[in-house]
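Each in structure tokens, the structures are laid out below.
In the two complexes below, chain A is the common chain; its partner is chain B in one and chain C in the other.
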Partner chain A sequence: MTDQTSPARTPQRLDEVITGGIGTSPLRPDGTLKVRGEFAYSSDLWADGMLWGATLRSPHPYARILSVDTGPALAHPGVSAVLTHQDVPGENIYGLKTADTPALAEDVVRYKGEPVALVAADHPETARRALEKIVVAYEVLEPVTDPERAAHDDTLPALHPGGNVVRYQPIVQGDPDAVADVVVSDVYTLGMQDQAFLGPESGLAIPDEDGGVDLFLATQWLHVDQRQTARALGLPLEKVRFTMSGVGGAFGGREDLSMQIHCCMLALHTGRPVKMVYGREESFYGHVHRHPAKMYYEHGATKDGKLVYIKARMYFDGGAYASKTPVVVSNATSLGTGPYEVPNVRIEGWGLYTNNPPCGAMRGLGAVQPAYAYESQMDKLAKALDMDPVLLRQINAVSEGSTLHTGQVLDSPAPVAELLERLKRLPMPLENRTAPADVRDLPGGISNTTHGEGVVRGVGYSVIIKNVSYAEGADDYSTARVRLEVIGGEPVAMVHTAAAEVGQGLVTVQQQIARTELAVERVNIHPNDTNVGDAGSSSASRQTYVTGGAVKNACEAVRDVLFAKAARRFGERPADLSLVGGKVVSSTTGVIADIADVLGDDVIEETREYHHLRTYELDPVTGQSPRVHVQHAYSAHRAVVDVDTELGLVKVVRLDCAQDVGKAVNPDAVVAQIQGGSTQGLGLAVMEEIQVEGGHIRNPSFTDYLIPTIMDTPPMTIDVIERADPNSPYGVRGVGEPPTISATPAIVNAIRNATGLDLTHTPVGPEHICGPAFARA
Partner chain B sequence: MEFLRPSTWDEALAAKAEYPSAVPIAGGTDVMVELNFDRHRPEALIDLNRVPELHTWEIDDDVVRLGASVPYTRIIDHLTDRLPGLSLAAHTVGSPQIRNRGSVGGNLGAASPAGDAHPALLASGGRVEVASVRGTRMIPIDDFYLGVKRNALEEDELILAVHIPSATAPQQFSKIGTRNAMVIAVCSFGIGLHPETGTVRTGIGSAAPTPRRATDAEEFIAAELADAGLWASRGELAASTAQRFGELVAQAASPIDDVRGSAAYRRHALSVMARRTLTWTWNEYRTAGRAAA
Partner chain C sequence: MRAFEYAAARTPADAFARTTPRTAYLAGGTTLVDLMKLGVVEPDAVIDINGLGLRGIRLDRDGLRVGALERMSDVAEHPVVAAEFPVVAQALQASASPQIRNMASIGGNLLQRTRCGYFRDVATACNKRQPGSGCPAQTGANRGHAVFGTSASCVATHASDLAVALVALDARVELAGPAGRREVPLADFYRLPGDSPQVENDLRPGELVTAVAVPRLAFARRSTYLKVRDRQSYEFALVSVAAALDVRNGTVRDVRLAVGGVGTRPWRLPLAEQALRGKRLTEATARQAVEAGTADARPLAFNAFKPALLRRTAVRTLLALGG
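So, the complex of A and B:
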């Protein structure tokens, strides 16, 4: 056993003091470090004497494992351990919503890349060489790869005991057989998008003398990782301690386990610290992606453009394991009308098991897919009605008090029509460029494919709806511990949560809240770990809302203790006291003391949770629910594109956004979220797709899985409005996901506007613009 | 793995003679990717970064002698006038970081059909100066590419420089990728006008096992220009001529279907790029003539 309990290269400490309370935009404490390349990510973790772990993965999408021979690998010099499912100490099963995933495959592999065995060795290359010496005999089976067939064809093999349907959810409202003057329909498909975070999956596990293990890692949700890992390790929670290390992006891709159980198994088995870091290609196999979808949509409207009905059937390919598939189905069906009032609705959603790569959480979960379809439909309907597409959206837009097709009434502002109006009023970019044009402004960019030949311009709009926080009855809460004490004569607050900073700026927001609530200059952030209560995931646009709420609650509790002390000492009533600029102030007698004086040597520490309003499940037959989502968020985009119609290349010229954020706790961070989200949505519109063929990923690299560069990212005017939600802390509304969702359909609508094409698949590639004869094989 | 660090050209040649399987490393933008992806574990690396003559260029008469390791950024900054086609191609290579390190010598060493320098070199013409302890030889660029990622170097040879004629007339380079920067070519095309010989040279990238010229297209356009006396008159080029040229370029390719694009799209895109770049170069040639007149 090692006596080391923490790594030499530790999780990044963020000691830099920031300034500013809520509503201001202090510089984030990790910003400069990240820009300078000095930030310590989880892949930088290091412990003396550590071993390196590596994972043997299935080369087949679907196969029976006949035998595994680890002998030759164990005999390889430098190898300390070779483990298989037989070495999983606890239950060999985990999963976010449904426990259906083995930590290491037993008798069957269900996707290419599924972990089969583990190696620990003294060098990463030794570990990889040893992997090649593990002999696995497979009986290769015909993979299930078509999700629509998986939904309806009982002759296909059942990949899991309950069959291939992970979840089926219908939602029915009004008269589903209503008739309308004008009807448009189409079948839309959306490709598999990757989160494309830059920091690969990585962690360092250090075994402890108590038989437990400490894991330092990058994740989105410490406690859910801890619970699943402890179960597989057969250890009580207190013996499986997780500490956050620098996270290099997440976007949903770190919500499922990757190396957590494996790294701990190797450390416990060898008694030595073990580090695991995935390479880029392995990372493409080692995390879930966005569900690809096939969506049948039909919209009916009156001649005046009022929506009469929407009928939709949607299929989501969850791949080999369930992960977040049930939630994708509920989000997609419950948000599948878009932010519109529709009297008659029948929407059905299926989430399926196949032998394709597993799909799970990604920014805009389950809302991205239908938004592409319903916003395509709204443009198609506008065309059929010969109506302005913005006006069509506005006359059907929901507003506060509207009832959605689930029966849920919108109980807070929903300024959908206003967002569109504001966008419409923004100035348009110039059409006529001065000659000779700078090729960087044209489709093809620096690649110099056109000097204006074949280029046409188009404009497209979209507006979308997204739920914020977890839904359907989940007790979605967060915990914060706040400590107030005097250090060096100055009152200092320490905020301790398990909430993951994944780049969104939560570290800054937590400090801003504590500064505002406690009126102190210095606020420190404790490293995130499992020594404090659950914070839930950094997903669903929820952390400023939920963890922000917990920090606020804990600060208020600390303040109450402080006021009680001050009241006792100075003969004041606690109710009369407030904090201003480091001082306790009475509404009757004015400044009564410095916070530091009141505190003296005392330390006030309070832990509080924040629970949002209760939500309720969708009825399994009707899809009705009094409150399926605690909050909705809305964003609208206007895209301007230039399309080289001969070569099928697109330049997004401008991507403007209007979004309601309730309350901008950190206005610069809000704008940054919208810029980043819009760019990720742009990726899905014109380039980002994991190409899967027969269960195999054809482009598992950043050479062939393309994400936007700065040259693809257009100028953006971002119009942020703040209509407070009375139910949320400070009135905040989730920010991070909506712009990802609305950017994609706005861009595709703009390409349609330029070309007149139907474009029923996103991302739109040259083959879709130039014609099916050019489809990639 | 051995790491050899010669500080002179002769030491580098001696090292390569002694370790023929050793992999030379210049900017490292190909080599390091191969190593990091675990695709290749050479017995030895020969670091060429200390050899001074690889990093310089000379201009003799009408030929630029470009040291093998001169990075793309310096070509763009210093040689755009003389090597406009190569400079345009250099602009499209990777990102600023890659252009600061990557070199034409490395592109030739890797000999990937997708290398962006190749169509430009084929279109301008030139010779690759290679050497070994046995001596030096000049390989015409047309004979340099032998197969997918295979070039005409012998085991013990290294590339010292590329001799490229200075442009006497407009050149262009164009490349297809599904993003607006930092993209491997789906296919690419280079073109150079050579009025002194009455020829037009071309280079096709990423649409055959090797970079190659479109000879039929070159012969067609040379004949068209000669027959109509256009080199001297600098008259207008008929749209149908540019169109036909494009078709012939597309025919010269033998592309494949792969994850980056289909063979059909590659052919189509080549015909469009060839038509457009011919038109650009010809119009520029005409304008230059009028300016001179």
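So, the complex of A and C:
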């Protein structure tokens, strides 16, 4: 790193003294800066003398590249470099699960927006103008856009050498030909959802004299970015060092690479720091989205409402590259019955390559889509049985000891029926139909469309199951380094991990754990970087579990060293010692010393990993696995809606949630996660959909891609229950994803309850609510 | 963004002297700057007219007069506008976001360009942006597009809520240009796309909108704006209805009805108005009138729901006003 640069470090003010151990809700160390607008996000990164990078992207969903002429762009004043695939120093291929994605396209582009060339220039506008001077000759090809066809039609062009099926997974349990008294079926579709994080993709790469590069960036997983980037750069890992900068939201959208390889290539090529920042439109093309799905479901039940069988076929559009598609297929199939005991199951899932925008990780990965379908089916079944939909769910609910259709036995609490019961007992909101109603509480709100005319209330429930942490045999672990020393006369702990704070409050949780385990007040969080071991991704609702476990383990190791010192000095047995309020306490002789006195000038530093229990792959033919997932989480929603049945507008009046979190390490953060997740699920229920037409995104802006505003967001009662998982640190159960999954079907079920409509597509718009009536008119 | 010159005009004459076919006037900038960033509009020079005055919200014997540079939020919150012309205040309040309403001018609002995704995407064809290049919206993603006034060249809606309210009230726009001043009814100011959708209005080279005049209309006090949209705030209309009603003893003496989100320009429904005059206002007469006034709707593949949604919204609006 050269002197004239002042690279950003993790821009968090983490030295404020905030107290509070686990089970309390201390202030976020980064909260004050964020609220004041002073927090430095990755787009704020700066180095003196830096260049600006920009990306030339394919305008076509599918085309052959005939030639690329970079000459005119390179001749443009202010341009320092123009790079193509020929300049990729290492292997021009990367991917989270399957290495199938070129850093820069070679002879073919497979989606609109695929990176083709890079420019570095002295100003972002210069860089963009230079992009326009790169001459690419394309032979435009007919794109593959229908995923269901891609699964079965061999006459379509194969977009990748192995064909268009990324993964096919069946799961068969019991008798696949079982018959039942009552049968309901339908075909459900779910639109493409965007993570809609606010901080666009951005990073700053700084070349080092040793031939390596430092990249400061916003990501969900430093080490997997580092590994993929190093491979493309042809450098050993130690020469590709990544440091976390401020992350402006993620929700899965930062799990795949965006500018990482590109920014490093430009920095290494020019020998200058290079910054890249996407605009909003570019961001829509520069990150993966939630897989749209088409799902055929059939449920059979006895006339008493016991589920006899579920048959399902699901198609997931992975777009041009695999990303997390294999995991979407395994999650969707292994969780595709919902949290119900079903003796006979046949579920098949396909993840496909098409020329649509690539799809990958998003909150609720692979569980959102089937949950919308199976919870729609449960309401449809209840209607066919003339049965209370909550009761139908409860009599079929799994509980601890139940066997799922994969053969996995649930080895920890599964209070599914209880979650529903708690919601059912919550008071109902009053109906807002007595004049003069406040229009803000009615469908259309301030748009003034109704004062009660046409408004019908509906209530809907849902309950869902989601896996927590990585599955299918992945060695899922995290690493923490904890250092204890005396600073200014008081003991101070420093926690160093690579785990990404993406807004969820992980920095707070790590501090809480260290305070609890080490009985010190001051806990600093070291900037996240690749100088410490892998933490895995901030995804799959796993960081409090896995990184929390690593911090706990490292703290315990530090404590053991401290106890050994104290025992030697004071003639105590280490096993008798504990830490309370900054002091070492003996169970036989009471307080023996301040931690600071025991430490003196010594520094204790220990690094530990946490690995969760081993998981196993799904059998490729039967889908059976003794433990495909290490943990399951459950959440239930009750949605109350008012629907303007004439104009098709929906007001979500209340969205109440009950969720088992095992142990609420930070109760306020748990509630906030559930509120945020519920709102993201509301978006998918009534407004969020990326419109894709022939491979082109038609609404790549936050004016045209709608996410809920505060006006659309209802009051929520959040009922958090804690049934400890004996296998996880402190008994925690992942929190972040489940509410996103259960909110959507609860709202759609409530709209069905109000309208009597089938509603086989989400998000639901006026045309779906009024469409059938319009057709009659 | 393409490089451009910037100049702040001190007087109208100064502004006119600087105009060429390759210049654009800048007021609030909420449309122009956005489209410049996208490369949809690429002027050589931007002439800032914010120093020209063109302010004032006044009600006198002739009616309401609003300077073109008044901000949307100032007009929406003006007590006289809210009391005498509630449809105008409501249409403004239902527009855009508070931040945009604080920046955007009234004149700019009336001249805003369509939100059609093809118009905004320079990688696609669009007859409005690039005459003769084609109109992919005819068969493409056209859920939000128009059902009135469309042509084989263009099916984009006019995006302004305010214009719908003003057309209902027979508003006029005051224009000034190098050749002098003139006044045009707003309804005539907007052009149908025909085979030249790039020409959206009657403005002559260098001309500016200087003010909007709304004639006095006693029953405008009984007016309202209903807007059906996919989100409660910050979203364009799927359909909208502006209406003013003069009803005595249950009989309609006069009525004004205009609709938005459905037309290639703000769309008045004269046949519906005519059908209602002298009739008792009931759900049946309202429905018949609205059906008569909207019979020429021509839906596209993905907006087939719009005519029926519009009719229901219009009937709802009339009954709400008449009740």
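Keep in mind that, in the parts below, the second predicted complex is superposed on the first by the 756 of 777 C-alpha atoms of A that agree within 3 Å, B and C clash if a C-alpha of one lies under 4 Å from a C-alpha of the other, contacts with A are read in each partner's own complex, and residues count from 1 in each chain.
By our rule, a residue touches a chain if its C-beta (ideal position, glycine included) is under 8 Å from a C-beta of that chain, and two chains touch if they have at least 3 such contacts.
Everything numeric here is computed off the predicted structure, so don't read it as measured data.
**Student:** Which term applies to chain B and chain C once both are placed on chain A by superposition, clash or fit?
**Tutor:** clash
**Student:** Looking at A:Gly162, would you say it contacts chain B, chain C, both, or neither? Reply first, second, both or neither.
**Tutor:** neither
**Student:** For A:Gly600, decide between first (touching chain B), second (touching chain C), both and neither.
**Tutor:** Once the two structures are laid over each other on A, A:Gly600 reaches no partner at all.
**Student:** In the superposed arrangement, which partner chain does A:Gly581 touch: chain B (first), chain C (second), both, or neither?
**Tutor:** Once the two structures are laid over each other on A, A:Gly581 reaches no partner at all.
**Student:** What is the contact status of A:Asp712 with respect to chain B (first) and chain C (second): first, second, both, or neither?
**Tutor:** Both: A:Asp712 reaches chain B and chain C.
**Student:** Regarding the shared-chain residue A:Pro59, is it in contact with chain B (first), chain C (second), both, or neither?
**Tutor:** second
**Student:** Check the residue A:Thr450 against both partner chains and state whether it touches chain B (first), chain C (second), both, or neither.
**Tutor:** Both partners, chain B and chain C.
**Student:** Report for A:Pro766: first if it touches chain B alone, second if chain C alone, otherwise both or neither.
**Tutor:** both
**Student:** Is A:Pro236 contacted by the first partner chain B, the second partner chain C, both or neither?
**Tutor:** Neither chain B nor chain C is touched by A:Pro236.
**Student:** Would you mind listing the overlap between the chain B footprint and the chain C footprint on chain A?
**Tutor:** Dual-contact residues (chain A): 125, 128, 281, 444-451, 453-454, 646-649, 686-687, 691, 698-699, 703-704, 706, 708-709, 711-712, 765-767, 770, 773-774, 777.
**Student:** State the interface residues of chain C toward chain A in the complex, per the touch definition above.
**Tutor:** Contacts found on chain C: 1, 38, 90, 93-94, 115, 117, 121, 123-124, 140-141, 143, 224-235, 238, 304-305, 308-309, 312-313, 316, 319-320.
**Student:** Please output the residues of chain B touching chain A within their complex, sorted ascending.
**Tutor:** 36-38, 88, 91-92, 95, 172-184, 257-265, 268-269, 272-273, 276, 280
**Student:** Any idea which chain A residues touch chain C in the complex?
**Tutor:** 59, 125, 128, 281, 444-451, 453-454, 646-649, 686-687, 691, 693-694, 696, 698-699, 703-704, 706, 708-709, 711-712, 765-767, 770-771, 773-774, 777
**Student:** Please name which positions on chain A make contact with chain B in the complex.
**Tutor:** 125, 128, 279, 281, 440, 443-451, 453-454, 646-649, 651, 686-687, 691, 698-699, 703-704, 706, 708-712, 765-767, 770, 773-777
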